[in-house]
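One structure below.
Read from first to last, the chains carry the letters A, B and C; within each, the first residue is number 1.
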Amino acid sequence: MRRPGRILTSLAVALVAALAAPAAAAEFPSAPIRLVTWSSVGGGGDVLARQLAEPLSKHARVPVVVVNRPGGGGATAMEYVSSQPADGYTLLVGTASGVITPHVAGSRYSLADFKPVIRIQTDPEAFLVRADAPWKTLEDVLGAAKAQPSEVKFGGAFLGSLDSLLTYEVFRKNDLRFSYVPFDGGAEAMTALLGGHVAVLMTSLSEVTPQVEAGKVRIVGIASPERLKTYPDVPTLKEMGMDVVGEIWRGLVAPKDTPDDVVKKLHDLVQEAIKEPSFVKYTEEAKLLPGYLPPQAFGESIRAEFTAYGNLVKEMGVRK
Amino acid sequence: MWDNLALGIQEALTWQSLGLMLLGTVWGFIGGALPGIQASTAMALVLPLTWGMPPAGALMMLAAVYVAAEYSGSVPAILIKTPGTSAAVVTTFDGYALQLQGKGGKALSVSLYGGFIGGIIGNVMLIALVLPLSRVALSFGPAEYFAFACLGLALVSSLGGKSVIKGLASATFGVMAATVGIDPFTGTARFTFGSQDLTNGFEATAVLVGLLAVGEVLVQARDATPVQRFTGTVSRALVTWREFRPLLPITLLTGVLGMVIGVLPGAGTTVASLLAYSEARRWSKHPELFGKGSLEGVAAPETANNACVPGAMVPLLAFGIPGSNSAAIMIAALMLHGVTPGPMLFEKDPQVVYGLFAGLFVATFMMLAMGRLCIKPLLKIVSVDKSILLGAVLTLVVVGTYSHQQSLFEVGTALGFGVAGYVMSRYDFSPAACVLGFVLGPIIESAFRRALILSDGSLMVFVTSPVAAVLLLVAVLTFSLPLVRAAYGALSRR
Amino acid sequence: MAADNLPPGALFEQVGTAFFPKLLAGFLAVLSVLLMASARLLPAEANEVIEDEPPDRQAFYGTLAVILLAIPAWSVLGLFATPLIMAGTMVANGARRPAQIVAVSLAATVVVYLVFFRLFTVPVPLGLFGR
């Protein structure tokens, strides 16, 4: 028993076992989990990852690290994560733009190429006007846009963004000639709305809540599937007879070949983590909505959106 | 308000806040001075470290980075002609000329004191005039932005240099380079030749350090003069009161100017320093010294770009809208700490707002102290062996541009534009004008197209808006005068 | 007009994607004509590139080589290319003492590593040594 060879062998066995451990789902997770986001620090996906890291690490009992891989409209991060081992230790924070931008920018990967783990939150898109605008409802706005297309201009983020796609859909469904002022970012668009340079803005709700609370802008229509508890008086586009739904959702996806039992385990851990008070408080303060979906439903919604937005992008003529 | 301000001062004068701001000042100072790291990049790099700090502390630390980086961008601009930030491009003209005359200490101290005065003017205006100034930001629509950026570009062409035409061509080349990438108006890829990397266009910081820092490395390498070029007879003397007193009127003027321009989201420090430089030359008793080592030519842009810092806080505080890339990082910091910036910030989180006000003041004083302490040691940089200096610049360019997005393509952009920058300087084109064109071009194009969508194609918008009309008129005059003068000169000499 | 065939996304804009680049190209053409004209009109000495002294060709081409090789080196070696870039530039620009070159380039690498990759937690590039 004292032969050094024996000791070495057992050490080697232990080492191999330690290295192989991550592969066994029973003991998953036994190494740090990395959450990769294409947001830069402080962006929506990054804040989600950082807020999730602490409660997730508490439940998973391993460190959770946030990795920022900005660039290429998400392409860099998607390429990076899909090149990582499919062992559940590298996850991607996916957002709605991960199913749209690939159509616009023609990148190699889209979120449809990943294995869905869990959808965590959503942030519906909405039409806004200035608080002192003469229109009460979205119908008023659209009527005015029909009567005086040169007076009532719509704006939002770059052409090919969710803002522009939804605006386009609304225009098409109302037989209006599409006109849209693209801005370099949500902030610039909001300045233009506040300054009265554009009349209507489409953007995600969480970004505009401060302006709404301050009484500077009004929401005239929300593109959520049903009315929101936070804005019970604002009708959805669906109620107005336009089947237009669009939300900036965020969730976690894993490399394609990640084993199902690992995905299940991850899903359960994250589901517990997002019930933690600190995470619930963040969701409320950031004016986001809980948008939980299990892997199966999450995957279906990703694929459905991927096709739908792909068609819209093509029809709108963005890119070619 | 006074109560809140007292609260803010209390918040800023705790040991914790002071410590954070000191750290921020040190890093901002280093970051701003490193080629390849703009103020906003320096802030982005410390942002993850603020996780877990109280929001006001995090914001004060970032403010300190911002303030210090805006000053220290002028240090390499003066010492080795490689501006650390795009706002310091204009400072190279006279700052480097002064350094070649052995007056580097004077240039650095003028830049420091000017920056300090600019910062103080800006902070006072910020606290007193947030709301009226915020209306200025809103009144600028696409037509006004177009006119404003055109004025900036016209100023670039008037900067002089050996040949006006070559200066214009350089700026146009810069504007052209900025059109590469996906056109946000139609989603069409322009000049990308099917390359995935090119779809996002060239990164502005990479282009800046490429054209100016890498280009200058090649110029210096080719120059056989061993070390003298950088040292000469260096005088350690700083600017005296007698020399600085005549600069006071121009620093006051450009301080106010810089603050107001800083309020306009997007236009920022680059145009502010350009405009300040040209105003200084216009009011100067010795306009002929500009470009040849005028102290006014250093004071004006440096005062203006430090005054821009509080200016950029106006839209941030009034609407929760970033007025610059750096302000965007501060918004990110607030979001990270669960504070939603916006019009309600004054009521909901006054300690954050007034803490920031007080923090900006403290940071400005820290910048002054730090800068004053560092001037003499910094002057030694120029007597470092040329081979080490050039190696250090190249190394920092590679690592600095890489650290921005971990993109090799970005490093390649810097190096590629470096070679282009060398060729330009070799044939008397102006890499500095090219950088400014690159920064202003996209503003001009998108504001123009946006304005035309809004007006349904009518060019009248640029005339019916009084602000736009006046700015465009000034731009046309600024632009055409040097051309006419050059043509006249050429013909009369014949 | 074949406007019906155009995608709706491009219809609302009067000035399209190509307008600005075309304008710039036109402007550059005008400038080059002006430049040629001024070369003809101005006295010859105004156009000459004045050389103060003979250029240091070795330093120039050496530095240029470092610049051109930096990307391949960085993608193969990652962070380990840093001392090579530093040392290469130094040698090209006349540094001759091996001890100094080694010491300075290693010191530069350590500083860069500590500041960027430890303090600011930029992911360390390892080139082919990484995954």
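Heads up, the rule we're going with is that contacts are C-beta pairs under 8 Å (C-beta built on N, C-alpha and C of every residue); 3 or more make two chains touch, one makes a residue touch a chain.
Everything numeric in this text was worked out from a predicted model, so none of it was measured.
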- Message: Which chain has its C-alpha centroid farthest away from the centroid of chain C?
- Response: A
- Task: Select, from all pairs of chains, the pair with the highest number of C-beta pairs in contact.
- Result: B-C
- chain A to chain C: how many Å between their CA centres? 36
- In angstrom, rounded to a whole number, how far apart do the mean CA points of chain B and chain C lie? 20
- Rounded Å distance, chain A centre to chain B centre (Cα mean): 34
- Note on the structure: Check: chain A positions touching at least 2 other chains come out as 159, 179-180, 317-318
- Query: Among the residues of chain C, which ones contact at least 2 other chains?
  - Reply: 9-10, 12, 123
- Task: Mind pulling the residue numbers of chain B that touch at least two other chains?
- Result: 48, 185-188, 406, 453, 456
- Item | Interface residues, chain A side, partner chain B - complex | 40-43, 46-47, 50, 69-73, 75-76, 104-108, 149-150, 153, 158-160, 179-184, 187-188, 190-192, 194-198, 209-211, 213-214, 216, 281-282, 285-287, 313, 317-320
- Within the complex, which stretch of chain C touches chain B? 9-10, 12-17, 20-21, 24-25, 27-28, 31-32, 34-35, 38, 41-43, 49, 53-57, 59-60, 62-64, 66-68, 70-71, 74-75, 81-82, 85-95, 104-105, 108, 112, 116, 120-123, 125
- Message: Which stretch or stretches of chain B touch chain C in the complex?
- Response: 45-46, 48, 163, 165-166, 168-169, 172-173, 175-176, 179, 183, 185-188, 190-191, 214, 217-218, 221-226, 385-388, 390-392, 394-396, 398-400, 402-403, 406, 408, 411-412, 415, 418-419, 426-428, 445, 448-449, 452-453, 456-457, 486, 490-491, 493-494
- Interface with chain A, chain B side, in the complex: residues 44, 47-48, 51, 137-142, 182, 184-189, 196-197, 199-200, 265-266, 315, 319-322, 328-329, 331-333, 335-336, 338, 340-345, 405-407, 446, 450, 453-456
